[in-house]
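Each structure below is given as structure tokens.
In the two complexes that follow, chain A is the common piece, with chain B as its partner first and chain C second.
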Partner chain A sequence: MRKRFCGSGEHVISRRGFLGTMAAGGVAACADMTAIQALAAPEISAELRRNQKRCILLWLAGGASQLETWDPKPGAVTGGPFQAIQTSVPGIHISELMPRMARRLKDTAIIRSLNTRNADHNSAAEMMMRGRPREAGLNYPDLGAVLSRELGQESSPVPDYVAFYFATEGRNMAPSNPGFLGARHGAMDLYTSMIPENIRRNGISEQDHIERADLRGTLSRGFERGRSSLTIDSHSHAYSRVRGLMSSEALFDIGREPQRIRDMYGPTLFGQQTLAARRLVEAGVPFVRVGRAWWDSHGHNFETHQEMVPELDQVMCTLLDDLEQRGLLESTLVITLAEFGRTPNINSQLGRDHFASAWSCSLSGCGIRGGSVYGRSDATGQRVADGEINAARLFATIYRALGINHRKNYHVGARPIPLTDPGTEPIREVLA
Partner chain B sequence: MLRSLLRVMVVTCCSAAAARADDSAKDLLAGDRPIEQVVDHYVDAALKAANVRPAPQADDATIMRRLSLDLVGHIPALSETADFLAASATDKKVKLVDRLLAAPSFARHQAQEFFTFLQASDDPRRAARRTPLFEYLLAGFRENRGWDRMFRDMMLPDEKDKAMRGAGEFLKSRVRDTNRLTIDASVVFLGVNVSCAQCHDHPHVSAWTQDHFYGMKSFFARSFDSGGFVAERDFGFVKYIPNKGKEKVAPVMFLTGKALDVPGLKEPSKEERKKEQERLDQGKKKKTPPAPPQFSLRAKLVETALAPGENDFFARSIVNRVWHRLFGRGLVMPLDQMHIENQASHPQLLQWLARDLVAHKYDLKRLIRGLVLSNAYARGSRWESGDMPPEQLFAVSRLRALTPMQMAVSLKVATTDPMSLTADGKELDKRLEGIERSSEGRASLFTQPGDNFQVSVSEALLFTNNSNLQRELLEGGGTLVTRLKQEPDNARRSDLAVRTVLSRPARAEEIQAISDYLQRRGDRVEAACQQIVWALLTSAEFRFNH
Partner chain C sequence: MPASSPRNLRSVRDINRRDILFSVARLPNSDTLIVGSSDNKVHELNAGQNNPPDRELADHGRYVTSVRLVGTRTVVSGGYDGRLIWWDRERGEVIRTVAAHTRWVRQLAVSPDGTKLASVADDMVCRIWNATTGERIRELRGHAARTPTNFGSMLYACVFSADGRKLATGDRVGRVIIWNVEDGRQLGAVDAPTLYTWDGVQRIRSIGGVRGLAFNPDGTQIAVGGVGQIGNVDALQGPSRVEVFNWARAERLFFFTGQQGIVNRLVWHPANEWLCAIGGGSNGLVMFHDPARRASIHQGNIPMHVHDVAFNEDHTRLYAVGHQKISVMDLRA
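Entry: the complex of A and B
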């Protein structure tokens, strides 16, 4: 079958929404033009827009401390200097470094019982981006690529997977990786500039740019006749998306946001990138990762967290408020996650080291039972006392929150590869 | 739905036919038949059984391009295509194949391809040239070393010999992780992925038990990194707890189930341990490779894998890989599942080719020559009407995305002033080697294609808007664009551009479309020439080996 792609950049949201509902997960072509035109009516489009699921991952690279964020232990020998404060949910306390999130816990579930057994930056980051440890001979895709595949759409004019990571520390530890899903689901990586690479026209007039692409299409089409395959279709498809992606440049431009909104997110790079992430998911990008580095506080843990946690608090709280005001929080999952947490023991440099035995993360928004805590670490935070979960269960929970069947299989050759290993159950307690 | 149903039926029929054929495997065609005839004999038989008429043979220009990409790693220069098209000798294809096989760039391209596949899960973007492994492979292909010899060199590298140092890279980069080494060595050399059997008996292959994984692992269990060299102990064994039952010592067992009687499958005595440590420490002190053990399990692996009666895995696996590279699909798919319950599409052909390879000392050049001279290799890649027949019939040539190096070098060949790339063999090769050397950076922009490869949007954006690439290929002196600019006639410009970039004469409608495009840009000739070359470079026809 030759695939046809809608050339029009109009009614973008409605088309994505339509396909998202009808054909999520498949390699859906933009099959029926009339159906799509019919869906262009504004009221339907708004409805569909609400239904399309998306996800923002705030990636705390290097390993943020659970004791200075979601799981404080004031008074314990391992507790450190900061206090715990009461949140808007009776009985739940978090670090005093997060006053805003304390007031706004209603959409967030805290998980305090991760035991992921791997405290090496590289392989732990790889595992926490994929929900499974590395396996020889199997190049498993990361969360962004899986969500691009499950939630993204064939003819989308916006990217399916965007990753911000400006810091140099740790960048190579968890690079975006589409694995066996293929380059179609690879990330648009932003390493140095808020605007993606090669998205701007360069030394050629607008008209020549368009007509040159038309000539390319004409010459290429003669060849494509009678030669259909996934690979060759991906070639024409990639070029058919170029103009759409170029037009999405504006999405990356936070200068278009009102000053009031920009002030809310704050002047930091992390704040700006998270604002860009909100703009992107609003336009239908299914997955954005914002990397904030470098939390690896082997020395001066408390100064590091005193500086970085309040920023996280402001940015995360603002993001949730902003998404809610736009009616997007119900369909957008916000994850805060790192490769591991930090040791309860405080070392001689007043630092905390790598620790994967009892640490925390949070899930907010789409599909999540807000204002809840799952699992418990013991009095000093050395071990999980209750509700231990691993990376696979966390990912099953993420998939379920986004309406994706976590038992689904991909196939690599004849080998079925499940999204999460058989028998893995999501954490029902944190799902709405 | 109906279509796919039909497809399934056809596939089932074929495999049934193939299974029957396998029963009479003793009646293989005679060993002295030319490889290309044997290929066509078996492929045609399967086509006939499935009642499929294959696509016609590709035209000369397409064959020239295909052979050039497969044998020397880049599209042909304009002058080479012109010479081939002009030649009238009936054996001109054979002559071309022999010329390309003899070219220095043949060894370079093979070394590149083998480097990529030997790296397996390593970063595929790592530049190959100037690494010790590439140097080793290059030397090997230059003198047409047998694949058995290369396997032995890589498993038992003589690290004292400087020329052999590169052969040790395969082990060295994996020896710290014995599981990975076991899996990679089995996948790369034996076409079998035993990783499933790590945790449980193989779910699909009833003959495969956990012993098969741990048995293979035993061969590597005594190898370790000793001060930057790969050393091997005289003692050591693998213990594991099977799914059912108590912990056991794994047998030293090859994939065929052949178990070996091995000394040292016990804890060594204090005395023995001390003696061994001395042997290893000596090397460490002198910073020389440690002396080999008295009884090397890795040597046993090589010996067993190559022994008559046991060498099926080794021989079939490399045949299947080379076939896969040239045909875009293996006789067995996937490449790492060459086991008894995964039939080859053409079992007798695979068996014949493996037998032939063993009989001719694992001569890969001979194998490659035979495969590319077959009619099956030379078919057109277009399927004119109706549904494509199942891939495993090889009824139509499969499109293969260019590898990063093929792409990077071909881009430069296509955009260099064609009059500067003469057909004089020696001269041309010197130019090409220079182009290859300067292409590695560009190659890192592209992804190594696997099965079901997809072209990324980033690649399309890169071609569309990247100013460095534009500068490298389309600007400055000595480029195709400069040559086109000097040509006053638009039709001739169009034809020259198509011939140079797509390695074939232009069709009338293409000349029309391109000329019109140029015509409308009479006020900016250089930009217009850049744009038409761009449109050809980014066409699907250029992106694939077709």
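Entry: the complex of A and C
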């Protein structure tokens, strides 16, 4: 039987808290009680909700401009037409296109010094989804798969990794990838429907599903007899969860949200999907990626950002408010990230091109020292002037914020594969 | 071949710049240009020289997107700060500053008799001002603030008819409204949806809009310029496009297209000899079209993406401004 949990201290603490709450509630329980059973008791549910770490990645596919979001340069020749506005944190300014986030920066750390040295959509997206460049012969899992593995609950009735990506452009540049962790940690990818088509029952009865599962089990046992393979094991695990996932359909249905909440997120697809992401993490899904494409503004960059950044501002601010009001922000990390940023130089079409030498991302909520800025780009945004970091350091920071030991190893055969390369340190300045 | 023809179009002079010039106004009977710049300033220079000295009129604080002359002494500039500023160009002094709009000012137009100034901005309102006193005469509301997919719209262009009685305004989604200047009534509207590309499948965002407007000499037709439908909205990779309407009947009469890029300005010859469309993609483009015969006269290039153009009095010379360059071109044989 493959070991499910990594054994890190974080899980021990989590389970200790969980068991402590069980005792406090006077409830007889056993350590292998599943999450769905535990959720039946309100006091346990509350503790679980607090302790289980989750992550929502707002993936700004195509490359949002740092100058029109987190690192404005008003007055510089490269600055573009937008102004910087004061945030709720003295001394920190962001683009005027983000007035709502400016007012609630208290939970957000801005990183302005990414130098990831790769301005190609495909390979940069792959790198920024994995925290490392591609390595021949090693199929490394993406962030969602790693967090599924590290934060997911055994026998969870909900998926561990959900990814929304409706735009067709860029979809194949950063596909979800469980890599060597196996299909158990693969994403439930949503490309066309807010509710997964493959968990809709579509007239198939509960009894039909039971019988189908029994038949599959019979056939699988026959196939597996005498064979041992991580792949078979992983697929069997994934199938065994299907019936549980079928009960997840309601989680994706934002129509069950009060209209007031839906209005707060706004009517756009990105707003609706982010609301669905909040519903999912609230129910215990450890990782949701919401892909907002496509920011690749080689022409009319400013109008593109005039269109898209206010949407990001509204959706992100609403998400943080919503998580906070539900007591989930302390345990949920919200990331804005892309494959790269955009050139400071403005081209002849009033566009900005691909740029990976000095760009920005943000981390909010769980484990993050809010109201902080790390790193600095130079006066025109061409280079990192202070605090340069790469993808590995960013991922080490994400892991640490979520309570995951970034130095731990996975093993592919006998080969140890570290979560981040040896010697990589998280950015302690942005960690709570 | 007549002494002056678009077919003769040739470069007279290019003046290199470090900034991006969004707008130009020309002092009558001279080569003196007033330009609005990405360096937030209004500049005055003599385009009759190869390396002209540059006189800064003042700092607007944001991109200056439109400059227009009222008479020969007063310049009005509008910018992304939402303000209109009247300048005395001879004394280099501010006459007045008006907080005209709550969002980016996109374009200004002066009525042919020089008495009225129109401004359009991304607050989706057109305001008409007394060009001399700066007093607001009226405001025109009718363009939708949101696009059909719930993103903020933009109001890019405005132009007076030759008799000054009508004003046209054009927005991001391709809607053009014709207004009665005297009382603010809406006289008509035409739609050019081809000029707005909403990509709801591949990239889930939009590009385009009505960037250029021009009435024909008798004011019965309106030309509308921009970029046609784009497959990849990452850049201006669609055909430059002009559509001409009989606005009273809301009937499109004809259209023409050119090389990849967007038409930023339209100028209709006062004697109906041609309709000039100018703009660009990675490079600059210019098209001269015969509106009577509905046939192309000339299509060519300008060595930079062009944002605005001014002609001399007899329309034999043009002064194009745009990406890091001013280009002076001649139509004379």
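To be clear about the criterion, the second predicted complex is superposed on the first by the 354 of 432 C-alpha atoms of A that agree within 3 Å, B and C clash if a C-alpha of one lies under 4 Å from a C-alpha of the other, contacts with A are read in each partner's own complex, and residues count from 1 in each chain.
Throughout what follows, contacts are C-beta pairs under 8 Å (C-beta built on N, C-alpha and C of every residue); 3 or more make two chains touch, one makes a residue touch a chain.
Just so it is clear, the model here is predicted, and its values are computed rather than measured.
> Is A:219 contacted by the first partner chain B, the second partner chain C, both or neither?
first
> Figure out whether A:250 sits in contact with chain B (first) or chain C (second), or with both, or with neither.
In the superposition, A:250 contacts neither chain B nor chain C.
> For A:432, decide between first (touching chain B), second (touching chain C), both and neither.
neither
> In the three-chain superposition, say which chain, chain B or chain C, touches more residues of chain A.
B
> In the superposed arrangement, which partner chain does A:182 touch: chain B (first), chain C (second), both, or neither?
Only chain B; A:182 stays clear of chain C.
> Residues on chain A in contact with chain B in one complex and with chain C in the other?
No residue sits in both footprints.
> Show me the residue ranges of chain A that touch chain B in the complex, using the header's touch definition.
Touching chain B: residues 135-139, 159, 180, 182-184, 186, 188, 196-204, 208-209, 211-213, 215-216, 218-220, 222-232, 234-239, 241-242, 245-246, 412-415 of chain A.
> Contact residues on chain C for chain A in the complex?
Against chain A, the touching part of chain C is residues 18-20, 38-40, 62-63, 80, 104, 122, 149-152, 154, 201-207, 234-237, 280-283, 304-305, 322-324.
> Would you tell me which residues of chain B are touching chain A in their complex?
Those in contact with chain A are residues 120-121, 177, 179-180, 183-184, 187, 193, 195-196, 204, 333-334, 336-337, 342, 381-384, 388, 398-399, 401, 447, 449-462, 464-467, 470, 507, 509-510, 513-514, 517, 521, 527, 531-532, 534-536, 538-541, 543-544, 546.
> Applying the document's contact rule, which stretches of chain A touch chain C when the two form their complex?
Residues of chain A touching chain C: 62, 75, 77, 81, 83, 166-169, 266-270, 292-294, 296-300, 303-304, 306-308, 310-311, 346-351.
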